[in-house]
Amino acid sequence: MFKRVLIANRGEIALRIIRACRELGIEPVCVYSSADAGGPWLEQAAQAVCIGPPPSKDSYLRIDRIIAAAEISRADAIHPGYVFLSENAHFAEVCRDSGFEFIGPSPEAMFALGDKVNCKRLAKKAGTPVFPGTEGGIEDIDEAVQVAKDIGFPVIVKAAGGGGGRGMRIAQDEAGLRQGIEQARQEAAAAFGNPMVFVEKYLDLARHFEVQVIGDKHGNAVHLYERDCSSQRRHQKLIEEAPAPEVDPAKREKVCESAAELIRQAKYSGAATCEFLMDRSQNFYMLEVNTRVQVEHPISEAITGVDIVQTGIRVAAGERLPYKQSDIRIQGHAMEFRINAEDPARNFMPQAGLVETWIAPGGPGIRLDSHVRAGYRVPTNYDSMVGKLIVHAPTREQCIRRSLGALAEFKVGPIKTTIPLYQRLLREELFVNATHDIKYVERLLAAT
Amino acid sequence: MFKRVLIANRGEIALRIIRACRELGIEPVCVYSSADAGGPWLEQAAQAVCIGPPPSKDSYLRIDRIIAAAEISRADAIHPGYVFLSENAHFAEVCRDSGFEFIGPSPEAMFALGDKVNCKRLAKKAGTPVFPGTEGGIEDIDEAVQVAKDIGFPVIVKAAGGGGGRGMRIAQDEAGLRQGIEQARQEAAAAFGNPMVFVEKYLDLARHFEVQVIGDKHGNAVHLYERDCSSQRRHQKLIEEAPAPEVDPAKREKVCESAAELIRQAKYSGAATCEFLMDRSQNFYMLEVNTRVQVEHPISEAITGVDIVQTGIRVAAGERLPYKQSDIRIQGHAMEFRINAEDPARNFMPQAGLVETWIAPGGPGIRLDSHVRAGYRVPTNYDSMVGKLIVHAPTREQCIRRSLGALAEFKVGPIKTTIPLYQRLLREELFVNATHDIKYVERLLAAT
Amino acid sequence: MDIRKLKELVRLMVDNDLTELDLRDKDEQATIRRQTTLTAPQVVHHGVPLTPSMHSAPVSPTAAAEVATAKPGASSGAGDEAGLEAIESPMVGTFYAASGPDKPPLATVGLSVDANTVVCLLEAMKIFNEIKAERSGTIVKVLVKNGQAVEFGQKLFLVRPS
Amino acid sequence: MDIRKLKELVRLMVDNDLTELDLRDKDEQATIRRQTTLTAPQVVHHGVPLTPSMHSAPVSPTAAAEVATAKPGASSGAGDEAGLEAIESPMVGTFYAASGPDKPPLATVGLSVDANTVVCLLEAMKIFNEIKAERSGTIVKVLVKNGQAVEFGQKLFLVRPS
């Protein structure tokens, strides 16, 4: 096992990793930017090294400084957390080349699943369901129409070289598709210098369904079942829950096992998440694989009893996964609420500044992962999440009730947070009945 | 189910019951003394009624005022919490007579187990192990000597009518016993007007082992396994853990089942605790039965997944126990630390006053039950417990590590608390190896 | 005298249609009167200060009571008008302004009171307790309504001391 | 120029016993020198400001480094003496006072410096970076020891500006 682990991150996830290290008998070392000097989580580290000024690009994204900090602190491994350098295969490679174990997948496995074309190819091999559609670019429009008829409308036309919404068209029927392909080709040619487009199934009222998987360096991998993260705004997850409500148990087992098989095929070690969309008939279509621990990992910990962060460190140190798939059972229901310093009443305006009041909820089934305390100043430089409230209860109904209680107890001020939004969403019929989809939050917000 | 429950208590247990009510869809009503006006837990109640001035005898112990508060708030049941009126059979009777369900046992069952002679008789019938010894008073000293020889020295001579340590003598051998009986008789005669004494087995290096049991009004009862509360000072529990470490599984099953049988025999409904001493050979001797929910109930909740407070309310409303004994399994290890506002460095001097700093620990496996927040003023009128830290982890070793981390994160000031004492005890070899006993804390404190 | 004993006495009276009970011993003294029709309470006096006077009538307290939501000290907002004193509730219960439904209020604005003037009744556990002004002066405001639930310390009347 | 590329260059040098490498293209410029014996680093100059100068020597950084425990701004306690300015570390690494083990310190108390005076080396990832005074004045205090680990923003020298 490692003696000292450097944590290349900040805030709540740095604190989460500190706690995991401490319990494994590892000394956690933090790096921090000068904006985070005095950050409460740093007190809990064995050592803290300032690596640069506030902007991430000059501190938390500076590979050379992070490696230098690992050198001077004599760490033997580096944990990237999430965001920042966590999905940067180059960083993983530099860590390895500099003699530090990267706590995450090998650069090769990260690349294999991070590249969408390669990932889709692997997924098909592993039996992981992907979006049907033309695989490569469209040469012949009639052929594209035939594919669309086979998979059923609506479909989406996407530019092969594209991104950012350009070169994309949603088609509801054949006429729309023919027109859409023409337009998308022109747009893609102009925008990316590459007119190649392809056609995939389009889902508009889907739910976001993601499978937590974890593998070791010995070819073992298990899934820890799934999370439903359909409560989103601008692709930012707000509420996550595990397990996904009202899902057919046999379909759940099948898609979760296919996700575990995918990371086995990729020779992947560490935690990963396979993200899917689930349509109303509970068909699954993989979106992408996140090759790191995720913000919402605690709800999977709650329902399975597995400590994902500790396991990630242990497999990075070469240990075998300490459990088999048959050891993993779903117990109860869990929800996570991302407490963001944003004002939901004023278009989610960010709320950096002094936190004067921070009264956290407690009691049975309540977990709070947060680096914040009264007197903490939220810096303007990083994301607005100031904590995660994780609620675990025997059933989904009880979890909603317990969550409403905890949110009512949770007092933060004078900065505004997303707490009132969650109090509203937990009373929305669509959410309560699990008939929601990835757009319901935006529809609700637009309607008011 | 009840519509509205009046909580005849304060502080953390009032908050615990509020949370349970809320999740059951019940409106919680609090009573409070004027010393507790503005108490943070009152904000979470549906209604709060001031019932008197600060002294408990004029407020939390005033049966008439509590009943009056139940009347004006139109409650249909009363929860006594712990301490105060919780083991007062008269109060239970007044509640019933006034048309309010008492959330706890019937007055008859409370009396049956609360009376030590009656309880011991029932225990023998149920197969619950009790202290061997003369059952009634001693007429003939030679006979007492023979009993002592049969059960083995040391023995304790106790006055039948006694209490408060008077009329008690510990005897290590026959000579000591003969002398002790004489002295105890004289002392008892003088003190209680009743010279009758009896002899029981005496344990000095025992561990405190208590079994959580819960019954319904339909004759069902289960145990939720045990807690070890050997870390005590002046009979006040400091650290509790569940399950008891290093106990033979077959012996555990047997004593726990005998405790469940005892409350079945007593036709007891609600939560109760059978307290035992356990000697080094893991023999058990019942001390008494507590006929209420206990301070340390959360660690049993942690290892069994059962919500004891909610279950207590449900059985009081007439529901059947929602689980059978075979549903109850021990999962992991849990410890509770009573955070008392006392200065361990200054002979545990009470520390009432303003809490300026209150930074609670968090993360996986951490539960905090507390009514305190920064800005709260601890009143001088009640006990010094300001919160309970409950830590759950897969093994005892991991639980100790996780607890050390949580205690290091927990910052309270300027008032002193027992946190530093626990940081010390968790590193004590006797505790770590589970070779401790009910006197080890006092021996350690005396040695420093 | 504990509640159980009192309740037993009241039950004895109801069961046996008694209308008055007067008990005295060296520590305790109680006078209980009841009416057998569904009318309002009738006031009684108590002897030993620590023993409350009581009156039992089969009036449903919950039907008459309004739920108290105000906090003591915040219940009127007028308690600290210059020179005024408040008569506060010494118990939890339901406020009755008069000693019977057909009777006039015991205390109205303008009434001169002294320490022993009974200004209202407070009912709890079917027992009616008379509340005295405990001071001399003039009632200037009645802060609670007939039938309203009150908690300990709640301000009932404002008095201008004489 | 990314780290991977630099590290590959250094590895290329070590593997092939090169002592100097000079690269230029339109965006980047790098000069790397190394010694093949276990001696101290040798200083190099860099051309384009954004490209750090580098020097590689097979010196174990962890063997030489002491763990930094001080917080920036709290590292000296002397940074705000009246009229004095601090030269702060622009990076994380190990402080070397001299350009070689047999060489005298680059900056000692009393030395007059200008903006371009190299006052020390900071090593990270086996690359030695020269640190300039960035101001004119006289060194009045050296705040860190040879071989000590320093973090970003840590005060290295106090200078009395001229």
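Think of it as A, B, C and D in the order they're written, each chain with its own count starting at 1.
The rule is simple: a contact is a pair of C-beta atoms (placed from the backbone, for glycine too) under 8 Å apart; a residue touches a chain by one contact, two chains touch by 3 or more.
No experiment lies behind these values; they were computed from the predicted model shown.
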Report summary line: Joint neighbours (subunit A and subunit B) are none
Report summary line: Between the Cα centroids of subunit B and subunit C the separation in whole angstrom comes to 39
Requested in this report: Express in whole angstrom the distance between the two chain centres, defined as the mean CA positions of subunit C and subunit D.
Outcome: 86
**Report entry** Interchain centroid distance [CA atoms averaged], subunit A/subunit C, Å
**Finding:** 64
Query - Overlap residues in subunit A, where contacts from two or more other chains coincide - result: none
Query raised in the report: Residue numbers in subunit C touching 2 or more other chains?
Result: none
**Report entry** Which pairs of chains touch, using the document's own definition
**Finding:** A-B, A-D, B-C
Query raised in the report: For subunit A, which residues are in contact with subunit B within the complex?
Result: 15-16, 19, 22-23, 25, 40, 44, 298, 301, 305, 307, 331-332, 359-360, 362-364, 366-370, 373-374, 393-394, 398, 401-402, 404-405, 408-409
Query - subunit D partner contacts - residues on subunit A that touch it in the complex - result: 31, 34, 37, 47-53, 59, 63-65, 67-69, 71-74, 90, 93-94, 97-98
Query raised in the report: Once bound in the complex, which stretches of subunit D touch subunit A?
Result: 2-4, 7, 61-62, 65, 67-69, 71-73, 91-94, 124-125, 149-154
